[in-house]
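I'd like to ask some things about the structure below.
We just call them A, B, C and D in the order they show up, numbering each chain from 1.
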Amino acid sequence: MSRRPLIGVMGAGEGASSAAIQLAEELGAAITERCWALLSGGRPEGVMAAVSRGACSVEGHLVVGVLPGDGRDHDRQQTAELDLALFTGMGQARNLINVLSADVVVVCGAGGAGTASEAAHAIKAERPLVLLAVPPLWQEFFCSLSAAVQCTDAVADCCSHIEALLPQD
Amino acid sequence: MSRRPLIGVMGAGEGASSAAIQLAEELGAAITERCWALLSGGRPEGVMAAVSRGACSVEGHLVVGVLPGDGRDHDRQQTAELDLALFTGMGQARNLINVLSADVVVVCGAGGAGTASEAAHAIKAERPLVLLAVPPLWQEFFCSLSAAVQCTDAVADCCSHIEALLPQD
Amino acid sequence: MSRRPLIGVMGAGEGASSAAIQLAEELGAAITERCWALLSGGRPEGVMAAVSRGACSVEGHLVVGVLPGDGRDHDRQQTAELDLALFTGMGQARNLINVLSADVVVVCGAGGAGTASEAAHAIKAERPLVLLAVPPLWQEFFCSLSAAVQCTDAVADCCSHIEALLPQD
Amino acid sequence: MSRRPLIGVMGAGEGASSAAIQLAEELGAAITERCWALLSGGRPEGVMAAVSRGACSVEGHLVVGVLPGDGRDHDRQQTAELDLALFTGMGQARNLINVLSADVVVVCGAGGAGTASEAAHAIKAERPLVLLAVPPLWQEFFCSLSAAVQCTDAVADCCSHIEALLPQD
């Protein structure tokens, strides 16, 4: 059995720009088209919601959300676009699980401090990291932490980077 | 989109009895047959391996492992029977994630202290818990912690309990 | 510099019996008298509160609470009897930190499922475990998981067990 | 009983500069002089070791380390400069505990990706954050995430910031 590569996409929740949301939706669709599985923070807003929605718009999707809540009723009702919802009950510590589980991590658009923590954890854990359409300051900062970080502004190019970064069997 | 119910199956790793392993394999197959997804601790041994193997023996499986390791190379190579491998880097704390994420938790066969912690966390978190073919002392102990715990010795009966315990839409 | 031994005391929160609360208070005082530091779940109720109160009643105490909450204002106000409050934001996963951090773990009185998870984690992690005044069923269950578990009904005897179980320099 | 403020100091491990190490040692001493308790990542290297050493050089210290390991023998032997060693067994997820537990978080000197994750988590969790002698790019990046971040190059000034940022009773 050969497992589908798992692509982690991180980005802003509430404060996401409409440009980031559009890119995330496009990226999600591209992920499913390539038969990759998608992993995100799973909450129903911003980049997380958009990338899941995009991935679900193509047949054959596998969309996983790793959530901060403990899965009580309210949590469970808010996960419509997920094929699998994992509840950690660990708040922001779930950011680290996202990063460790992904074969490649993508940061999509300008995010807040939560997204920044995920990019930093990805570098610390030596997970391949692609920055998609992030501000120049984000590029400069994270590239200063690791020479291996990839940057791009286009979804097609991002997918080429992912492809090149996936572990070879 | 309607998500597949997620059944968490917990049990012994290295020390699992052959009876527990056979039951786990049978239970895994029954889970996929009912179009449920399977969640386990994901390591390649004992009940975890057997339930995944059983689930994978039926078409349409969705088998998730939530692992203690941080997903470095060695970890990744040991997850052959998983459709999805989530790496937590959190050791035994991943037991709690398994329990919180499952719609119903099943303990299969006599387990060790790790399995006992999962049964206890399930009760604490008020997740439905079914004990399948556990020793009388386990039944007595966990039923003393919660009147809602179900006990059975047969896979078919276990699946009926799961069915009755699944959240209704 | 020689570090003070750290004794973890676990037990019921809200549902603690008055016998367990009295024992916990006595045990806390005995811990400080022996120049040990105390670690508990830190919440202001039941055995956690009582053992901290007891430890603080003797001069020279060092009382640590490892809390499930994330340390927002409300959490911080509820930790009056702690010399140190550690906020994990990880809910029940903090139980595991308590157990791993303690040099010896004591379960005081009949607890609920949360306490049971801590006893199970202690055994799994091979931390020395003393059961103080727990019901026969608890004794029987946890002793079936590990032959190293110690049981007693008296605080003085519990402290002798702790002393014997402390790591030797 | 009034609890001592807990100051979290984060910085590079192995790759710390000698300037950062000297500042950390000075900061540690200043923290104990003010009767504050110190919290760090606790490992015996770089900024973590230096700040603990500094704090221990003044009488009345309370030095806490929150460690990534699970407290097996090897871990325990490496914590000479700690009054309290908390073992999480959660790897980098312990970074979040450090941040949530501190009343004020200080980043000391240029750090790596682990330190960056801690600064990001501090902002996300709305913990007061002081950047001490970090590179201009770090200042610019973290100040772009939150207007509340304080920057300074001197230990005395850092302590004034901490004092002003401590929760008022």
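What we mean here is this: contacts are C-beta pairs under 8 Å (C-beta built on N, C-alpha and C of every residue); 3 or more make two chains touch, one makes a residue touch a chain.
Bear in mind that the values here come from a model prediction, so they are computed numbers and not experimental data.
Asker: Out of A-D and A-C, which chain pair has the most contact pairs?
Answerer: Output for the comparison: A-D.
Asker: Please tell me whether the contact surfaces of chain C and chain D are same or different in residue numbering, using the over-half criterion.
Answerer: Over half of the interface numbering overlaps between copies: same.
Asker: Where the centres are mean C-alpha positions, what is the separation of chain A from chain D, in Å?
Answerer: It comes to 29 Å between the two C-alpha centres.
Asker: How many angstrom lie between the centres of chain A and chain C, each centre taken as the mean Cα position?
Answerer: 40
Asker: What are the residues of chain C that contact at least two other chains?
Answerer: Residue numbers touching two or more other chains: 70, 89-93, 96, 125.
Asker: Give the list of chain D residues in touch with chain A in this complex.
Answerer: That would be residues 90-93, 96, 112-114, 116-117, 120-121, 123-125, 137-138, 140-141, 144-146 of chain D.
Asker: Using the touch definition from the top, list the residues of chain C that touch chain D in their complex.
Answerer: Residue positions touching the partner: 1, 3-4, 6, 37, 56, 62, 64, 66, 70-71, 76, 79-90, 93, 96-97, 100-101, 125, 167.
Asker: Which residues, counting only chain B, touch chain D once they are in their complex?
Answerer: 70, 89-93
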